[in-house]
Each structure stands twice: as structure tokens, then as C-alpha cells.
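Each structure below appears as C-alpha cells.
Presented sequentially are two complexes of chain A, the first with chain B as partner and the second with chain C.
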Partner chain A sequence: MQNAKDTFYTTLQSRLAVLNPARTIVVRGVTRTATLVEENELPSAVVPLNAFCLQWTGLRVNREEPMPMATLECSIQYATDGTTGNGGMDRGRLLAGMDAELASALGAEPQTVEKMNYSPAGTGVAATAMGTNIFWADPVFNAATTVGERLQRTATVQVLAYQEAGEL
Partner chain B sequence: MGGRSVKLRTPAPAVAADVSEQLGIATPKFQDLPLQPVVFRKARATVAIGKAAKWEMLVSASVVQSLLGSLAYNSASVLFAQAFGVLCDDELLEIESATQEQVFGQPYVYRLVLRAPLAQMV
Partner chain C sequence: MSTTTTEAGVVAAVAPVSRRVRAYFAPVNRSTGVPTLFDAAQQGRFDLHAPPAPWIDLGWISGFARNSATKVDALRSGAPAMTVGQARTEVEATVSLEFETWGRLQGTLASGSQQTNLLATESGATLNGSGGVAAAPIPLLFATTTTATTLNVGAAATAFSVGSLVAVDVDYTGQLGYVGAGVSAAYVQSASAINSDVNYVRRVTLNVGVVTAIANGILTLSRPLISGVPTATMQVSQLVGFCDREGASFFQEWSALFVMQGVQGDRVLIHYPRLQAMQASSEKKEELSFPLEKIRPAGVFRALPVKDANDSENVLCFRSYLPAALRDV
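And then the complex of A and B:
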């Protein structure tokens, strides 16, 4: 299941980077595409703005098939305060832009990709391809919520993957 | 509890284009930076049922400014936001918030609200 999570994250990150290369965040001094997996980062009370934060929430495993099928639920949270120079009055437009980018990245064909194993990968070491693919459904966008000047939304997407023998 | 020393634990900069850190496979190294003098506003932590204990700590702005200069952080808020926590007597406290007090536009003290580890919650 971990390989499915890793593969989905890297796929989503690369698609979002193509759609909007200017959407970046700085994490520990390094600029990167504005996506992160919350469980892989240092615990922090700071909410990243104008970035897509992934949380892995639900999990179901169907063992009735010859190869178990795992269904993982990924919750993608994003928020914006708008632009300070505009008094935050453009926060609706900025959130709509993030909605469109996420819908486009997840809805683009194909909604499947070869599952990769990143465990042996390090700097300059390539991930290895596995024998099956991962698939994902169209995202479900929940209602936007307002907290003070902050506008935020959560989208959920179901990610499906076959559990290969000996895989974490 | 005044005039004491604690350490600010900060992660080393991320490795550019290294996906293994983003996937939680590799973990960054940490460095402990001395913060001295600091003052805890109360000798006892603020405790509420079902919540971790909280402390309020005041740090001299001159100490923070020296760290900003030596580590190339562009502001104290970035320094505290990216820090992993404050090491106090071998106990790592998470920084919940950091605010500053100013005189004539210059900060003279930083106020950190620190949270004890959830594992110590009673």
C-alpha cells in the first residue's frame, strides 16, 4: 500500500507542476512544487497556504480476489488567504484556480499509472517499476469553508491498487 | 524560572530534487541552537483535561537576531515555523505559536507558546 501512496503522490505532483509551474512552496529552504504529504513532513502547527496537502485517511482491503485489492482514500486539503496587496478580495478566484488545477490533474487520462517502488531510491537512484498499476477515481470536492480570512477546501479521491506479494 | 538556557532544534535544509525526503523514506538531520537567556512566564505549565501541557516562554530578541544572521533565515517567524521544537531539559516541546513585542518598530522579545509531547498527556 505504501508504494501505491508514493506513486500517487509523485504522479499528482508531476502533473500539477506541468499545469502550473509557478505554484511552489519552500520546505526547509528548498523550493518545490506546492504539494506535500502531511505524514511525511515534520509535525507543525503552520498551515501551508496555496499548496496541496495530502492526508491518507480511509483504507479497505478486498481479499476475495486472487490478488488483494486495496482502496485508499486520499484527502487533499488546500487553502488560501488571497493576495495581501488585494486585501484578500481575490481569495475566491485563487481557490477556484486551485480547484481547476486539481480537477485537471486528477481527471486527465490516463487515470492509471505503473506502480513504483521508491524504497531503495535515494538521491540520484531511480525507483523500480512493479508488476501492477494503480488507478484512481474522479475527485469529490467538498464545500469550501471559511475560517477568518482563510478560504479552504478538501477534496477526496479513491486510489486503488493491487497488493503484490511481499509488498508493504 | 528565569535566565536559563534551552535549545532550538531545527532541521537541516532539505535536499533539492530528492523525492525520498518527500516520501518519508529519508529523514533530515537536526541541529540544536542555544537560546539564552529565556524566561518561562510561569513556573507551572498550563494544564487542561484531555490536552497536553503548555508553557509560555520569552526569548530575548537579540539572541534571535543573531541566529537569523548566522543561519540566513529571513525572519524570526520563518525560523520558528520551520523549527522542530524547543529542547528543554531533554524534553522536546513543540512550538505552537510565536509572536513578538516591539518598541519603536524593533522587536525586543519573542513569546513562544510551547506544547509538551502528547505521550506525556495525563
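And then the complex of A and C:
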């Protein structure tokens, strides 16, 4: 299942980067695309702003098929305070922009991509293609909530993948 | 030259998972009864956004359902009678679907009969349900560029504007039988039945387009006309929309292809070489958020047979499955 999670993350990250290359975030001193997986980062109580933060929540496994099918629920949180230059009064516009970017990235064809194994990947070592594709359903955008001057939303998307022989 | 390849493993075959169904149209030559055949062996892997000619993309559809009414009866023998075999005593199949758009083709197919173009009328025309007497057509100029996407109408271009809808077809001059460029759009039983209307063929034709630009007397269309480059005898009429009628006599027939693209790269193709409309026009409503409703044109079609050249079997439908790469079969 980790391969499915990694593949979905890298796919979403690259699509979002194409849609808005200017959306970046500094993590541990490194500027990178503003899409991250919470469980892959240092634990922190700080909510990253103007970034997409993925959390892997639900999991179901259907073993009735020749290959078990895993359905993983991915919650994508994003928040904004607006810009200081505008006194935060543009936070609705910024959140709408993030809504549109996420909807476009997840809705773009194809909504399926070859599953990759990133375990052996590293410097000079490429990820290897596996035998099946991962795919995902349409996202569900939950109601935006306001915390102080902060506007935030969580979208959930079901990511599906087959467990190949020998895959953990 | 080495022919050595690396051995690759296969993964287990699983049931196709698809998001939705895409539909494609091709004309049936009604005069000869010859449909357009789709060969999944040669054409099955086409780009869903660019089907092979003459297939035309109808877009995504909803509510796609195939219904077989084929009857298989038991053959019995002896006392007491015991089933010793089976026989097909009746072969019947229908298809129902809803289109996501109200294009000219989708509207025609879901109309159940001939759909007419609401041609712009002449001044003072008597009111009529499917449109009054049409304005005089505008001739095409062939001295310069007239193609499937550009219509040279010369000085008459001032009568058009960007966004104008146009029908391009021949004048009615007494033809009997099927009429309509590219696709048989209606059947003329007698000239008197249609009042020898010179605009009748343009009134029913599916050879229509949207003007997206006008320059130097040339109308540019959003997409190629369904019949290709206009012929020298064709003229142009403006239209404002489309109309179909409950009770009209014509049965629309088309060659149909439905594709379900699997997420693993597999593909299910369902090909009905001959589908005829079997219900009058209807719509399906989907509530978006009260009181808003999406209205989709809905159609039900009966399949007609063709003979498979491989074994001379009369069949109604071809279902093909193309597995994804390196899947067990």
C-alpha cells in the first residue's frame, strides 16, 4: 500500500506544481512544491499555510478479487490567512484558488497512473514501475471552516490500488 | 539481428474498472442498408478524443444499459419430456442511454425520428411548429477557399455574425428517398408532401456548424462539417435551433460504438452496427440542487442485424475486450 500512497502523492504533487509553480513552501530550510504528506514530515502543531497537506486516514481491503483491492482515504487539508498586504481580506480568493487547483489536478485525465515502487529509489536510483495502475475517485470538498482569521478546508479522495504479489 | 527479449511477468486479471461510458456515432447508408463497421482488432486502441474516421465523438453518456430480449427455449424429447438441447427462438436487443450534451447529433439520435433545423424564416412567414418558410439560402463561392471548416459566402458574410448557426446542404429539387449530406436525415416520400420546399434538405440536414470567425467573406466553423467539403450545389441557411416532433414517421438509424476505458489500461468496446430509435424524444432530469435540474436527452434504440463476414452469422452486437498489457488471460 505504501507504493500506492507514494505514487498518488508524487502524481498530485507534480500536477499541482504544473498548475501553479509559484506555490512553494519552505520545509526544514528547503524550498519545495507546497504539497506534503503529514506522516512523512516531523511532527508539528503548526498548520502549513497555502500548502496542501495530505493525511492517509481510512483503509479498506477487498480480498474477493484475484488481487486484493485496497481503498485508501486521503484527506487533503489546506488553509490560508490571506495576504498581509490585503489585511487578510483576500483569504476567500486564495482558498478558492487552492480549491480550483486541487479540483483540476485530481480531475485531469487520466485519473489513473502507473504504480511506482519508490523503496529502492534514491540518488541515481530511479523508482521502478509496477504491474498495475492506481486510480482515484472524484474528490469530496467539505465545508470551509474559519479559525480566527484563518480559512481552511479539507477535501477527501478515495485512492484505489491492487496489491500485487509480494507487495507490502 | 537478435530477437531476444526480456521475460516479463504477468499479473492476475481483474474485472475492468471504468468511470463512465463514451459514445461514438457513424452513419448508416440508408439507401443501401450498409452500416459503418468498427474493427476492434485494428482500431480498438484509438485515442478516445480522436476516433478513427468516420466515427464522431458524441461525448460521455450516462445511464448506459444494454438489454437482451433474446429467448432461448428448451428442446425436449421423450416421455417424460427431458431437455436435450436448446434453441434461440428470438433474438432481440435494445440499448438505452442519456447524452450529456444537446448537440445536433445527440439531439437527433434522442429525438426518435427526424430532427429539423429551425431555419431563419423569411419576413412575414406564417407561424409553424417546426419553423415557417425559410429565408432564401446563400450560395457558396468556390472560386476561393471553401472547405469543411471554411465557407466562402462573399459579400453575403455581412448577414452572419460570430455565433451564427448554419446548415449547409443541397437545394431540394424533387429528390425522393433519403436526403441529407453525410448522414441520412429524413425520408422524402413525395415532393408534394414537403411542398417542394427548396430549403427542405437544409431543414433536416445534420451538416451544420457554428460560425466562430468571419473575415474576407469567409465563415470559419468550429469544427468540420459532417459531410466534409461542401459540393458545388450546396447552399447555406442560417438556423436558430433544432426541433423534433412526437409522431413523425422517420426512424433514425446509426452505427454505434460505446467504450468503457478501464483504469488498468484494459478496454471494453461495445459495437452495434445498426441501432434504430425505438421511442419518441424524452428527457431525463437530474436534480442538481433544488430547484435546479440538469436535463439530458434520453434515447432508447433497437439493434438490427448484420452478417459477420467471418462466419455468416446474423448478429446484433459485438462486444470486444482488450486486456491491459501483461495481464493473465
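Keep in mind that, in the parts below, the second predicted complex is superposed on the first by the 168 of 168 C-alpha atoms of A that agree within 3 Å, B and C clash if a C-alpha of one lies under 4 Å from a C-alpha of the other, contacts with A are read in each partner's own complex, and residues count from 1 in each chain.
Note that a residue touches a chain if its C-beta (ideal position, glycine included) is under 8 Å from a C-beta of that chain, and two chains touch if they have at least 3 such contacts.
In this text the structure is predicted, and so the values were computed from the model without any measurement.
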Practice task
Have a look at chain B and chain C on chain A after the superposition and call it: clash or fit.
Solution key: fit
Problem - Touched partner set for A:65, first chain B, second chain C, both or neither - result: second
Practice task
Using the superposition on chain A described above, determine whether A:52 touches chain B (first), chain C (second), both, or neither.
Solution key: neither
Practice task
Determine, under the contact definition given at the top, whether A:8 touches first (chain B), second (chain C), both, or neither.
Solution key: neither
Practice task
Based on the superposed arrangement, let me know which partner A:112 touches: chain B (first), chain C (second), both, or neither?
Solution key: second
Problem - Partner chain in contact with A:78 - chain B first, chain C second, else both or neither - result: neither
Practice task
Tell me which of chain B and chain C touches more residues of chain A.
Solution key: B
Completion exercise
Check: chain B-chain A-chain C angle from CA centres, nearest 10 degrees, reads 170
Completion exercise
Minimum Cα separation between chain B and chain C after superposition, in Å, equals 24
Handout entry: Parts of chain B lying in touch with chain A, wherever the complex brings them together
Key = 11-26, 28, 81-82, 84, 94-97
Fill in the blank from the handout: So, in the complex, the side of chain A touching chain B is made of residues 6, 9-10, 13, 27-30, 32, 36-37, 39-40, 42-46, 118-119, 121-123, 127
Practice task
Over in the complex, which chain C residues touch chain A? Could you list them?
Solution key: 9-15, 17, 19, 263-265, 326
Exercise for the section: Over in the complex, which chain A residues touch chain C? Could you list them? Expected result: 65-67, 69, 111-112, 131-133, 135, 160, 162, 164-165
